[in-house]
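So, here's a batch of structures to check.
Here come two complexes built around chain A, the first alongside chain B, the second alongside chain C.
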Partner chain A sequence: MAGVAEAAVVDRTTTLQTLLNTPAGKRMITCIQCGTCAGTCPYGDYMEFSPRLVINMLRRGFIDEVIKSDSLLRCVACYACTAKCPRNIRLTDVLLPLVKEQVLMNNTQMPAEFQKSLENMHRYGNPMGESPRKRTAWTATAGVKVPLIAEVKREVDVLWFVECYTSFYARGQDNSRATAKLFAALGVDFAILGNDEKCAGECGQMTWESGLFESLAEYNMKLFGKYKFRRIVTGDAHAFNAFRFRYPMYGLTQPVEHTTQFFARHLEQLKPKLKKPLNMVVTYHDPCCLGRAVGCYEDPRALLQAIPGVKLVEMVHNRVNAVCCGGGGGGMWLDTYYKQKGMDRLSERRVKEAIATGADVLAVACPYEVSRFEDALKVVPHDKPMVVRDVVELLAESIG
Partner chain B sequence: MNIMETRKNEPVRIGFYVCHCGVNIAHMVDVEAVAKYVATLPNVVVSRNYKYMCSDPGQEMIQKDIREQRLNRVVVAACSPLLHEHTFRGATEAGGLNPFYFQMVNIREHNSWVHTDRLEATRKAMALARAAIQRVPHHKPLEVKKVPINPDVLIVGGGIAGIHAAITMANAGKKVYLVEKEPSIGGHMAMFDKTFPTLDCAMCVLSPKMATVGSHPNITLWTYSEVVKVDGYVGNFKVTVRRKPRYIIEDLCTGCQECVANCVYKEPKFPDAFNLGLGKRKPVYMPFAQAIPSIAIIDPEVCLNFKRGKNPDGSYTVSDKCKKLCVVACGDRKAIDFSQKAEDKEITVGTIIMATGFKTFDPRRTPYYGYGVYPNVYTALELERVINASGPTEGHLVMRNGKEPKRVAIVHCVGSRDENTNRWCSRVCCLYSLKLAHLILEHTDAEVYNFYIDMRTPGKSMEEFYNRVAEEGMHLVRGRVADVYPDPNDTASGRLIVQAEDTLTNRILKIPVDMVVLSVGLEPRPEAEDLRRLFNLSCSSEGWFLERHPKLAPVSTFTDGIFLAGCCQGPKDIPDSVAQAGAAAAEAFSLIDKGYVEQEPNTAFVLAEECSGCKSCIPLCPYTAISFNEETKKAFINEALCKGCGTCVAACPSGSIVQNLFEDQEIFSEIDGVLAPLPQ
Partner chain C sequence: MNILVILKMVPDTVEELNVSADGKSLDSEFLRFKLNDPDEHALEQGLILKEKSGGKVTVIALDAPEVDDVLYTALAKGADRAVKIPVSQAGLGTKATAKVLSDFFSSGAGAVTPDTLVLVGTYAIDDLEGELAPMLAVHLGLPYLGVVSSVAASDHGLIVQKEFAGGLRGEFEVELPAVLGIQSAEKPPRYVPVAKVRAVMKSAKIDEVEIPAPTDTVCLDVQRSYKPEAAGRAEIFEGSPEEVADKIVDALAKSGVI
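Moving on, here comes the complex of A and B:
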C-alpha cells in the first residue's frame, strides 16, 4: 500500500476559511462520512470531535464549536486516518493542523510542558532548551571525522541534517554515531551544518504553531542557501517529513532521504561489511512519518534482514496499520496532559504488541521512539528482556 | 475513377449550417457570428444557423436549399460525427446529392463543452468551419458497399450472461459457439448459494439453463478453451480457439466418474478451485456436481502419470509412472488420453458477444482487514461455498477450525468506493451482504453485524428485501471498518476485534467476533487487457470493456459486430446481466437478419501506375488487405478487407496509395483552412 500522496496541495497562505476552495479542501467536500478515520485513530475513543465529524462541522459552517473544544489536541499526527481514507483526504497534515492552530489560540490553558518545548524551540532552536553551542558536542565521540559543511568549502554529496534528539540526548547520539560510522564505512561524501543547525520545525508544523514553523523553516532555508549539496539525508523521520512536504514551499529543491532509505539504496555496498552476526529476534516499528506518510515500509526491513543472525518478526499492527508511539503532533510533550485526561499511553500499547512477538529487540527508525519505548518498557511487565535500537545502530553494530 | 468527371464543370456551391443544439453550443459559441463569417468565404452560397439541425425541419432546410440554391456541397457544424454524421449524409442524399459531398464539423464535444471563453470558442468554431469549407470542394462522390454477414455467432464466456445469450440465439436457430476458459460453464453464479432478492437457490435456476446449453443442437460448447486470435471484421470474423488438453476425450467420457473413484489417490488431496481452496479434490476430478459438460478433467500438475512442471511450450510430459487405475476403471470407454495436446480450431462468425465476467477483489490489498493472515477472515465468495450444501462443509456453517461462529461481522465496501483500491461502487455487495446475513441467521444462532457506509439497495424488490432481512434482527452499523485484529485478551481462540466508528452514535466500536466476512467488490478480470487487444475493444480507465454509448448503446462496442453482456462491462447483478445478455443477442440478431453490413467507403486504393512494388505496405496492414500481384509487380488492396486505417497511405514511400475521404488535397486544404488567420 502506498503512502499518502506526495504533492503539496495547499500553500502557506491556506486558512480554515479558504481551505474548502483548495484542491485538498475539494477532497474534503467529497467525504462520505464513513468513519474510517475515527475508527483507525489511536485516540478515537477520546475524541469529542472525531476527524470525520470535524470534516462535516467544517462543511456545515460549525467549525467554531470544534475549536472551542480541546478534542483535537489528542491528534498525534500519525497519518492513520489519512492513509486509510477512501477519499484520499489529507487530514493529518492539512486539515487537522489548521484546526489545532485555532484550538491553541482559543485555549487559554495550554499544557505547560508543551508550551515550554515550543518556547525552547523558538529561543534555542531545540525543544529541550539545550545550548545551541553544544549541538555538535557528540561528534567528539563519533569515532570518525564528521566534517562541518562551513569548513569543507565545496559541494558535498550529502548534507546530513542531524536534528535535535539525535544531537543532545544520549540515546539519540547513539543513532548519530552509528550513522557517522556507516557513512564513513561507505565512503560517503557528507557534512553537517554544525551548531548553526536548528530544529526543522516539524513539531511546530504538525501542531500548526505556524509562526514558529515559519521562522525555523526560513532560518534553515537561509542556511541551506549558503552551501552546496546534492541531497539532504536525515535520521529523524519528523525532519524528513518536514523537508519532504513543507520545505518545498519555502524553495527547497534538493531531494531528501531518510537514513534507512539512503542505506537501503546502498545495500549492495553495505552487505559485505555486515560481518558480525547479531543473533537476535527483531521486530520493527514503522515510524508514522516514514511509513504511512510516504509508504516506505520495506527499506528498513530490507536493512534488518541483511544483518546476519537477525530474524525479523512482525507485530499484529504493522506497516500501514502500525500503532503510533504517541510522539507526533506535539504528543512528545503532552504525556502529562494525556494522563490527566485519563488516556492510555500509545507507547505502552505499542510495546505490548512488541512483547507479544517474543522479540529481543524492538527496532525503530525515528529518534522519538527510542525514549518513548524505553520508558514504556519500564512500566509494561514482560518476562523476556527487550531493548529498543534504531535500525542504524544495529547496522553499525554488525559492521563491528 | 470516372465519377470524378460527373460534376467537373459545375462550380462548387456550398451550403453551411451551424447548429445551436439548444444551448449546448449556442451558450459558448456565437453561432450567428459563425454563420455570418462563413457566408464571406469562397464558394459559400448559403450560411445559416438553426436551433436543432438534426430535427426534421433542420434536415428539410438542407434538402430545400440543395434543390433551390443548387447546392452541391453541404457542411454542418454541430455535434460529433459519431452521433449525427449519418443523419446529415442522409439529408444530403435525400436532397439529391451523393452523401459524401457532406462534411461535418464538431463544435460541441470539441468546442462548446470543453471551453469556458466564449470569444475564443467562437473563433475556434470559425476556424474549424473554414477548414471544412476549404476541404469539401475536393470531396468526390463515393458508394457504400454492402457485404454479406455470416449468421454464426461467437460467445466468449460461459457465465450466466454468456449462457443466456447463447440460448437466446440458439433457440432462434442461429449457430452459436460458446467458448469458456474453465472446464465447466456456470461462472460465478454456479458458486453462489442463494440469490437476492428472491432467495431462490442459484444452482436450481442455473442448472437447467446449463443443461440446455450442453444439449442444444445449435450450440457448440467449447469449455477449457480460449480465443487466441481474431481476424476480419463485422459479418466475417475469423477466430482461432485453443482447446486446452483435459486428457479426457470429450466424446467418449460419459461422466460416470469411475476414474475419480478409482484414482490411486484414495482421498482428495489438492485444493479445489471451485471451492476456492476450501475443499480438496483428486488429480482427476469433476469440476462440480452439476458441471456442464459433465466430463472429468485431469490436472497434469499433480497427476502421477505426468512429470511435474510445464515444458517451455506449456505442454506436459507423460511419466507413465502411475498404475493408471483410472484407465482400468474407464475400461472400454477408452476416454482417458494422456497424450492429448492443445488443439486450435478456426471458425468464422459474423458477430461476437463478450461475456467474460469479473473477478472479486483480493482483500490482501487492504491489509488492515487481516485476510490471509487470520484464518477466520473470509471473503464473501468463500462464505457462499461454506454455506452451500454442495460446498466443502456440505452446508454447515463452520470455520476453518471446525467450530460454528457465535458472532459474525460482515464488512461492506472492501475494495469498493476507495481511492486506494477501486473507486467504483460494486453495486451488488450491499445486497449480497444482506443475503449472507440472512443465510448466517438461517444456518446458525450467531449474532450478525453488518458494517456499511451507505446501504445501497436500488432495483426492483431490493429495498423490500433489505427491510425484510433487517427485521430478522441483525446489527446494522453505519461505519466503515478501520481495523481487524486478534483479541489481545483472548489470543488462543482466534477471536478477532472489529473496530469501526458507529457514525450515527459518534462512538468507536470494538466488537469481538469469531468470523469476519469481507464483502469484496467486483473488478475487471486480469486478462481483460489481453482480450481488449485481441478483440480490438476499448476499456474504461478502470479496465471494464467500454460500451459504445453509456445510455443509448449500452451493449455495443466501438468495434462493429462485437457486443457486451454481463460484468465484463461493469459490476451488475444477475437480473441485469441476463437482461443485458438478451439485449446483446437482440443487437446481434438485428445485424444478422439484415443480411449485410454497409461498409464506409473510406478505403484505400493503389495508383497502379505509380506503385514501385516495394511491398513496404503489405506487412503493415493490420487487416491483411494488401496483396502483391506478381505479374504486374504492383500492390493491390482488397476493398472488402480494408478498414480505412490509413497506415499504408502514410507508409508508402512513393505516395502511390490514396484513401477515399482522406486524400492529400482534402487534408492539406483542411489544414490550410484551420490555420489561416481569422478576422479580428
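Moving on, here comes the complex of A and C:
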C-alpha cells in the first residue's frame, strides 16, 4: 500500500538537481496533479506552496520560487501526502527534505527556537542543549540494571537506542524506565550506548539539515561499529524512522524495531506477566513515523488490548488518517512560529478528537507526543480528566 | 571596510564547572570551550556591515580547544579570512591577550588601515569587566566605544548606538579606524547549515600567524576559587499537586505577599 515505502529509492548523494533522474524522481514526473496531497496536508491551507505545487514547480523549472519562500517551514513531515498519493510519490522523505535543504542554505534567518535546537543537536547531540555527560543519569532511577554495551564486552541481542527526549526530559524518562522494566521482565539480553549516544538525527534529515544529519549518522555509525549486536530497538519513532530508511545508506545492516513492535513480537511471553488490571478507557494516537511511514498500526493496539481492564476506543481519525501531533519536521521547535503565523496547533486539534472519545488515557508511542499532548490538554477545555501515557508505560504499570 | 572580528573561546557552562585540586583553577577534565556569546554577535554585526556596505571580514582567534570549528563556522557564515594565532589562550589574562592581539596588527599580517574596524565582544564570562576591547584599543592607539548594539556606515565613518544604564541609548559618530565592543548585533546571529561548514572545512584554510607568546601572562594572582555556598533558605514542598498548592498559598500569605 502507499505509505509502506521501500528503503533506498534514492541514495545519500541525491540532490534536488539530480532527483528527477532517480527512480523516486521519475515517479514525480508521473504526478497527475490531483491535489490529494495538498488536501490531506494538515497545514496545507497555510502553505504558499502546497505539496502538489512543489511537484509542479520542480517539473516546470520554477523550484527556486519555492526555495525563496518559508512555505515549507509549515511541513511537519507527517507522511499524510505520501500515504495518500495515488501515484506513490515520495514527498515526505524524498522531495520535501531536498527542497527544505535548499531553503536553509539560502535563508540565514530561521525561527530562533528552531535554530537553537539544531545548534544544540550539533554541539551536544541533543536538541535541548543538555550536557551529554548526563545522558544516562536517568538509569539511576530505572529500578533495574541498564547495562552499558562498552562494559558488557560481548555481543548482545538488543542494542537499545534510548534517544534524547527519553533520556533528558523528565516525562520522557518514564518511557525509558518502563522499557527497562519490560526488558528485564522478559529477560531480554540488551545494552545501551550510554553517554556516547547522540541523537539519531532524524530531525536533521527531515527538517532541512542534511549536513547535521550526516554528521550525527556518521558519528553513530562509527560508534555502532565498535560493538556487536543483533538488532537495534528504540522507543523513539523518529529514531526508528532514521534507522529504517536512512542509516542503511551509511552501512547499517542490523534490523531495527520500535519498542512496540519488539514487545508485540514477544506478546505471548509478556501476556502472563500483565497481571494488574488498569481499568481504563484508552484511545491510541498513531505516530506518523510508525504509522503512515511503515504501516505499523496493529502492534501497539495489540499491546494495549492485552492489558487487563483496558478498553480501546478509536478517535475519528485513526491509522492512516491519524492527525499528526505537529512535532515532526522540526515542528517540535516551531510552535512559537506557528502561533505568530496565526496557525492552530495540531496537538490541540488532535487532543480535541481524543477528548471526544471519552477516554481516560491518550496512549502514544513517540516521545514527542507526551509533551505536545500534555501541553495541549492544558489549554483545550475538557470536563473529564485525561492523561497521556506511552504504550510501554501502561504495559510496565500492568506488570506491577 | 576592513573589518576584523576578535573571537574568544570561553568555558561552556552546559558542562558542570568544577574547581580543580589546586583550589584555584577550573578542573579541565570535562571542560569544553565554546565561542563567547557577545563575540558571536560581533561576528554577526561584522557580516551585516559587509553585506550592507562592502568590505572584508577577517576573524582572529588565539589557540584553544575547538577553536578551528569556530573559525570554519565563521568562514561558512561569510567571513573572508580566518586567522589563528598559535598562542594558547589558556592561562592568559586579558592584558596579555590584548598584547598578543595588538602584536598581530604590527606583525605585517594585519595592519591597521584607515578603513579598519575592530569588533570585539563587549564582555566574556571570564572578562565581565569587558577589558579586552579597551586594552586592545589602547595598544593600537585607536578610539574605543563599548556596549554597542547597532553599527551603520555613514559618510564620515560609522553611526554607532551604545547602551547605558536605565534603558538609555546614545548615538555616536565614530571615525575609522576604531575598536568597538559589541553587546548585541542588530539581528540574532545567523544559522549556518552544517553542510556548509563541512564544505568549508574541505575547501578553506585557516591562516596561522606566529606571534611571540607574552612573558607576563597574568597580572592577578587567584587566591581561591570556590562554588557559591548554599544558604539553605529554600524549602521544597512535598505532596500531591493540591497539597503543594495549599502550602504555597500558606507560605505566600505568611510572608505577606498575598
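To be clear about the criterion, the second predicted complex is superposed on the first by the 397 of 400 C-alpha atoms of A that agree within 3 Å, B and C clash if a C-alpha of one lies under 4 Å from a C-alpha of the other, contacts with A are read in each partner's own complex, and residues count from 1 in each chain.
Just so we're on the same page, a contact is a pair of C-beta atoms (placed from the backbone, for glycine too) under 8 Å apart; a residue touches a chain by one contact, two chains touch by 3 or more.
Only a predicted model underlies this, so the values are computations on that prediction, with no experimental measurement involved.
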Contacts of A:Q269 with chain B and chain C, given as first, second, both or neither: neither
Which superposed partner A:L53 touches (first chain B, second chain C, both, neither): first
Which superposed partner A:R319 touches (first chain B, second chain C, both, neither): first
First, second, both or neither for A:T141, with chain B first and chain C second: neither
A:E130 touches, of chain B and chain C: first, second, both or neither? second
Partner chain(s) touched by A:T336 [first = chain B, second = chain C, both, neither]: neither
First (chain B), second (chain C), both or neither touched by A:N21: neither
Interface residues of chain A shared between complexes with chain B and chain C: none
Sites on chain C touched by chain A in the complex: 14-16, 30, 34, 187-188, 190-198
Touching residues on chain A, where the partner in the complex is chain B: 1-2, 32-40, 44-45, 50, 52-53, 84-88, 316-317, 319-321, 352, 356
Partner chain A, residues of chain B touching it in the complex: 365-368, 413, 417-420, 453-454, 478-483, 485-486, 488, 491, 499-503, 506, 508
Parts of chain A lying in touch with chain C, wherever the complex brings them together: 101, 104-105, 108-110, 112, 115, 118-119, 122-124, 129-131, 133, 204, 208-212, 214-215
